[in-house]
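You will see two complexes here that share chain A, one where it goes with chain B and one where it goes with chain C.
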Partner chain A sequence: MGEDSLHDYRGGLRKALIDVGADIGDHMRVESRGRVYEGTLMPRLESEDDRHIVLKLRNGYNIGVYFDEGTRIERLGQAEKPEFRPPPLPETQEGLPRVSIISTGGTIASRVDYTTGGVHAAISSRDLLSIVPELSDHAIVDADILYSVFSENIESDHWSGMARKAEEKIQEGAQGVVITHGTDTMGYSSAALSFALRSLPVPVIFVGSQRSSDRPSSDAATNLVGVVTAAATAPFAEVVLGMHETTSDTSIVFHRGTKVRKCHTSARYAFQSVNSSPLARLVDGEIEMIAEDYRRRGEGALEVMDGFEEKVALLKFHPGLRPELIDVLVDDGYRGVILEGTGLGHVSEGLNESIRRAIEEDVILYMTSQCIWGRVDMDVYTTGRELQMIGVEPLGDMLPETAFVKLKWALGNSEDIDGARELMRRNIAGEYTDRTLYTGEFG
Partner chain B sequence: MGEDSLHDYRGGLRKALIDVGADIGDHMRVESRGRVYEGTLMPRLESEDDRHIVLKLRNGYNIGVYFDEGTRIERLGQAEKPEFRPPPLPETQEGLPRVSIISTGGTIASRVDYTTGGVHAAISSRDLLSIVPELSDHAIVDADILYSVFSENIESDHWSGMARKAEEKIQEGAQGVVITHGTDTMGYSSAALSFALRSLPVPVIFVGSQRSSDRPSSDAATNLVGVVTAAATAPFAEVVLGMHETTSDTSIVFHRGTKVRKCHTSARYAFQSVNSSPLARLVDGEIEMIAEDYRRRGEGALEVMDGFEEKVALLKFHPGLRPELIDVLVDDGYRGVILEGTGLGHVSEGLNESIRRAIEEDVILYMTSQCIWGRVDMDVYTTGRELQMIGVEPLGDMLPETAFVKLKWALGNSEDIDGARELMRRNIAGEYTDRTLYTGEFG
Partner chain C sequence: MDYEKLGLKVGLEVHQELATKHKMFCACPPELFRDDPEYTFIRRLRPSQSELGEVDPAALFEFMRGRTMIYEANRATSCLVEMDEEPPGELNPEALDTCLTLALMTGSQPVDEVHVMRKIVVDGSNTTGFQRTCITSLGGSVEVGGKTYRLQHIGLEEDAARKIADEGEVSRYRIDRLGIPLMEVATAPDIHSPTEAEEVALAIGWIMRATGRVRRGLGTIRQDVNISIVGGALTEIKGVQELNLVSKVVEYEVQRQVKLIELVSELKRRGVRESDLEEAFIDVSDLFSDTQSRIIKGALRRGGRVLAVRLPGFAGVIGAELYPNRRLGTEMADCARYGGGVRGLFHTDELPAHDISEGEVRALKENVGASDQDAVVIVADDAQKSRRALEAVIERAAEALKGVPAETRSANPDGTTYFTRPRPGAARMYPETDVVSVVITQERLRRLEASLPEMPEARLERFKADYGLNEKLARQAIDSDYVRLFEEMVRADEADPTLLAVTLTETLKSLERDGVQTANLGDDSIRGVFRLIRAGNTAKESIPPLLIWLSSHPGGTADDALQELGLAMLSKEELGMLVEAKVSENREMVERMGVKALGPLMGMIMAEVRGRVRAEDVQALLREALASRARG
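This part shows the complex of A and B:
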């Protein structure tokens, strides 16, 4: 192979590879940022940027090693010519479960996007299997790019789209669905699908990556192998979010979609189950159930309820919050407001008049707590009792973010306010820890 | 003593006491809600309600035992006549440090208020020493009722009032100040005084109680003894918040006023230091410093900067947040907004135009994270870089609530926006974990 085989390597990096006579398939030694990597030079991936040398390590992983003027590249010799392991045809994997991967964007699905700033280059199914070839040991995997968006730009229309795509895949025979997602709002989306996918027969697992692409220690590969294994084999049929449990790679933990929250800006274990235990964990390739009470695989026929009311707000209280902010929502036609109050569920008395007016104008208001942990209890203090008399209902131990998503869903799938209130009180998807799960009919 | 000695006991409880021939000072056995209490019958406290029998237990504590139709009261005999231990005169405690207790309301200061709903009956200095007589072993204590408000109704004018009252007490010779406060917004207030009290020479300690008054297991007494001891003897001179460290009574932990947050609606250990260790703890009456770097007692002469700008908002982002909510703040003359974004500090791109307009109209915008733990980093992803280009500044690992308080303070103590921006960047009171503490001049 000549220098053309360097495919899409460009600029200074391409020049540096040519200078040492490197060719795709050669055994290389690269020293970058104080660390040394040895491996086989791989073609630049479609989704890789201009500043990373792709090496296949002895353990089978492909990594991107950062390249700049300080990087030392050495050609150790010609290794056997690497072959892409093409996505195996389903026929060759008979007996393995089918798992559909739906990509919506985020670090895990588009390693490059975040280093260059573009969002166009979401990873393809071929890239995915080339980067993480072990996936095909666990399942017959197909991958779809549904969206390529930063998760902070995800809105409720995207939730509906994810629900419909998951439905499509399940109807086509997927025995598990994996949704790759940016971590920023993944907790909101996992709550949304927890409500939208009723009578789910298989697991639907959200996964993200907390490490950006320029680090060899990215958790993308281990997370992805873990969640595909779980999607293929787990006994539960719920919407969950699978991520590292601790800083180590030894276990992936599965949080219920309605009880999980991103609680750290950057740590691998950023996601935590709040007011409940996680549902399950994966250790050494085996699923360990933690929850005793969960929905079993195969129960029921999928029903999708993917309406989400646009005009719902989550309003965090702070000292001195002006009542006009509630008035503005009412005047703008908002149909529901989740208050994130203090302590057991309070806001200042100065808001009571505006809240009363909102309720008179058919806006539904619910109370959650900015403490995050614990439950609201509006019977203890006068302020709470008065708010209840005005018509604000407490939401137990439901997360504020989940409450916001649920109110959008309840209003989006009810004919009137009473119907929405009824849905809000029912424990639809484990959002209330201590209420019996609703298993009746809808509508 | 005759039945008149029953003082202010009223209604059914008074009748029940008369029925068994009880008199103040008698040894009583009371069975209430499945538990049995033995102790000396005490006069009803000014601040106690109609449904509690006050008993002095063998351990010296006074408790209120709940009375209803199921309560069994038995008179065991006449004990020695109890004497109130009157607040000792300063002369009798020569050598003990002076500690001033400033009461603003909340469970710890007004046991009754919360059971009956009224907020008028904040505890008096006499009541306080009668309930917790050990206080006078540790300090010469004086107590002032500054406010009697639920903490969800505390606004920035109250913060200024607390700062001025603390200043007054310190100028009168207090060697430590304790501020009793409802727990709901105590973290906001502790941040406010951390900024307002510059060059503090003594500790100023916020304290609250997580247990409502009708439980014999209230943490009010142990918390109060702990913080008074610390106010009298601790080597630090910072604004801190002292509460139970765990569910046990063995240690009181002191969180820096700017790094603490109520993270549970009801647990005793509800308050946690976020992104930093607590400053110190009190175990067996001794202060153990945890932080190495802290402000020492006696350094400098107190300066009070108690201006707080009214027009500042804390805005928590959620998927689908409409840009009009930012426009409304701008149109209403808001001068600053703390955004509580997702992950490393993002909001949806749909808000950028409104943010740009806000900044053009001289509104200052800062970014924090709704993750709560970790730090914002707006250099990693495009969204963050773009927001910075528009003019949104990241606030490192500062808590959103502390950022909100600090922005009110920075705008309230600066002549112009540049001055406020300068204050926001400085590490004034430990609000940034990794920046050197600012020790220069103000103004």
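This part shows the complex of A and C:
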């Protein structure tokens, strides 16, 4: 495993371990405060102190043993390297649709190393199929690692990369594309590809998991099997996001890429369609369409518009927000700002001057609402009317995050501001809905 | 049985639920609910694959077959943590303190840093698919009957969800119990007889209760018993809920292992070899086309098949009784259930029976080519399930040639056990990285050391010596929820120790049996009742009615109860008048019996004013009245 595996052991303890040539997984004997322990050396977490050695006892339990100058550490034997014997691969069933899985990070499938407690991600189609063999019942699957990044580190260059990779796979004959993604910013990426992939002939489906794939209760495999099934057989050809519909493992729901938002920090049902119903759901292996109006599979030839302007900001208004924040953006050369206003689409009058100056400097500003549900209406109150007169345009029921992505895309694919404004007004990928329907507690 | 000669070794794991304010990893109360669930949800568990590419084949099979769990919940007793929808919070410090207290009481050495682990459990009893567990101290010992029994460790783990029902492929669990802290004590295999096992279990339970932080009631304490004899194997018997079942479980397990070892010799004598056991499964469905057996008829109607396998040389062995009502055939049926998910099996040692006719048995034997020395096992179910079930039967038959298989078993209420699964090899444990490790500081241990509870045996001696309680009453008082109140009141001379002990144990228990809500009785109520007795405002016979009244009037005082029930003591004058009146009313009897009339008169008066007079006073007044009459 190399010396690096000790990296979260720090200070004198790290030195003491290196001195005896210890490596993670080695059999150790530690004498501390008059007591003797034997066990396997386990990794330490970066957040833990540098005063304890973690040993796995013979009964499988880990304990931390106190370390100071008086502690005696002895290495009894070398780690037994676990030898991975992959189970036999399921047979490929010819005649099934081809589905490409593009991985961008997160662990949708993994194995646990019970010796060290490490969780290893499945990185090849082979790994994936050996861990989730049911995939081969639904499609002929190939898998590619595009990125290996946490979703919070995803930027617009990654969106372009995903769009290009999806294009490549579709041109190679994939009848559906699945993109695995960390859930935190998956909503942004799904919006980005919704705009970037024009005239899509097959479904492109984002998927993630809210419970890590090493645990038996993980939603990862269920979600993956669900989206691969949909990628292979669903009648729609849109960019969607497929995850658990509820806390139960019984249905996977497909949200339109521009209308979806992560609304819960940890639950399986974190993703919700906002201001629209989901597109479809999968129950007992069958696709059930919910929306009536959707883009059909097989229509049109794919066109990719994958420019994204760097200098766009999403600014959430809050009581006491200083106008200088807008000035800083303008001075820094920002070309567009999405405001996340209060209620129907308002910000404090104190910002009006700075907003006026921004617009004079050719920065475009749009209004969305931090209420999440509902649409902005800037004709109801004076504040809204004044903002419109200054030049702030309302974005209807578009999600703030989707508006942010769209503005980057609109600026990135237009010659000038007018072209971008024109794109912003058009309903490109279902980001606007005409009617706000009653959906129960929310909406 | 000569347990010493058999080399019996028993180790115990005693699990006790803790009555902490919160559950182990969230702020939910450690309580169960009785009503209908407020909501349910459906999950499946996929066995994780280990780095070695291994998955538990049975667990994977269950998953592929579509085993699902329905979980029942309400909002009062669980939150998203139990639903596995939110990461666990920090390890409950109160529960950890209780384990450390127990460690200090038993000389178990607290670990320097506690690491919570995930132990893989895919039967659905944990929504996560693993149980969170940790070791809090190592070593230590308990003294029982002059002998020292070593402890291996004390640990803390989360209790599992309660199984409500098994409905075919669906298991129904309630998640209220999930996450309640369980304190675990594991002993070394130092126990060598069934009675010893029970005594040690009892003693450990007693020390656990002395921490003052344990939950009470059925199912709040559970024993796992590890049993082996020389030439046998280590059997782990899970979930013995009744303490007095421990010795029975050990006794039966020894019987079972001894008998299984005998069967090895018998099979050897018959010259049966493992290579004789073939996985040659024969479809005998046609033989049963006109069968009277409802089980087989049902299976065939559902499109299933009847598969048979010949076990050469096993005639009479499968039907041999291991201990009451359990045979090798029963063990095979357990394996078939586990391996194939079938309901059960039939074997020729028990046939003809269960509406399978003699003719069918004859045809069956003929069909599979079985001689009189051979046994035949049949399973009727879905073809794939039947096949897996018979594979498990063959495996079990092969084990029978070797002796006792290492197994995990579960206890029946009568002390017999049934196979649940093979003993897992290396424990499937890996770190629970969502819970931060806890450094056990010397300050923490010093603080706990300073307020260590008394060991139960020492307390027992003290209660007998200081309070004059007999052994039984002293034990009951110590075991009572009111032990703290008892000591406070006796020390402050608020009550007679024996009367108070009887009240707090036997009286309350009998009221509870009668349906009185004794849980409503606060310390103030009990103190109030005894204040009345001390002050002579009522007699000890009034205790039960006063407690009943107070139980149904939360907020009421003992004085209110006395007023409402009219149980105030009679004044000396009132009692005097009553005595005079009774003597006059019964003049004839008094004249006839003289001083001997005291008994009957006493009875009449007490019946009328029990609880409002002291019996001594009535007796004195009566004696005086009768004496003066005799003189007059």
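In this section, the second predicted complex is superposed on the first by the 325 of 443 C-alpha atoms of A that agree within 3 Å, B and C clash if a C-alpha of one lies under 4 Å from a C-alpha of the other, contacts with A are read in each partner's own complex, and residues count from 1 in each chain.
Definition applied: a contact is a pair of C-beta atoms (placed from the backbone, for glycine too) under 8 Å apart; a residue touches a chain by one contact, two chains touch by 3 or more.
These figures come from a predicted structure and were not determined experimentally.
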Taking the superposition as given, does A:383 touch the first partner, chain B, the second, chain C, both, or neither?
first
Scan A:268 for contacts with chain B and chain C and give back first, second, both or neither.
second
Partner chain(s) touched by A:324 [first = chain B, second = chain C, both, neither]
first
Figure out whether A:15 sits in contact with chain B (first) or chain C (second), or with both, or with neither.
neither
I'd like to know which partner A:72 touches here: chain B for first, chain C for second, both or neither.
neither
Given the touch rule stated above, what does A:340 touch, chain B (first), chain C (second), both, or neither?
first
Applying the document's definition of touch, where does A:296 land relative to chain B and chain C: first, second, both, or neither?
neither
With both complexes superposed on chain A, which partner does A:349 reach: first (chain B), second (chain C), both or neither?
first
Based on the A-chain superposition described above, do chain B and chain C contact any of the same residues on chain A, and if so which?
114, 117-118, 265-267
Touching chain A in the complex: which residues of chain B?
114, 117-119, 150-156, 182-185, 188, 212, 262-267, 270, 310, 312-322, 324-325, 328, 332, 340-350, 369-377, 380-383, 385, 401, 404, 408
In the complex of these two chains, what residues of chain C are touching chain A?
41-53, 55, 68, 80, 83-87, 109, 111-115, 117-120, 122, 127-130, 133-135, 138, 152-153, 155, 426-431, 433, 436-437, 439
Using the touch definition up top, name the residues of chain A that touch chain C in the complex.
32-33, 35, 42, 45, 47-49, 51-52, 54, 57, 59-66, 82-87, 111-115, 117-118, 120, 130-131, 210-211, 214-218, 221-222, 246-250, 265-268
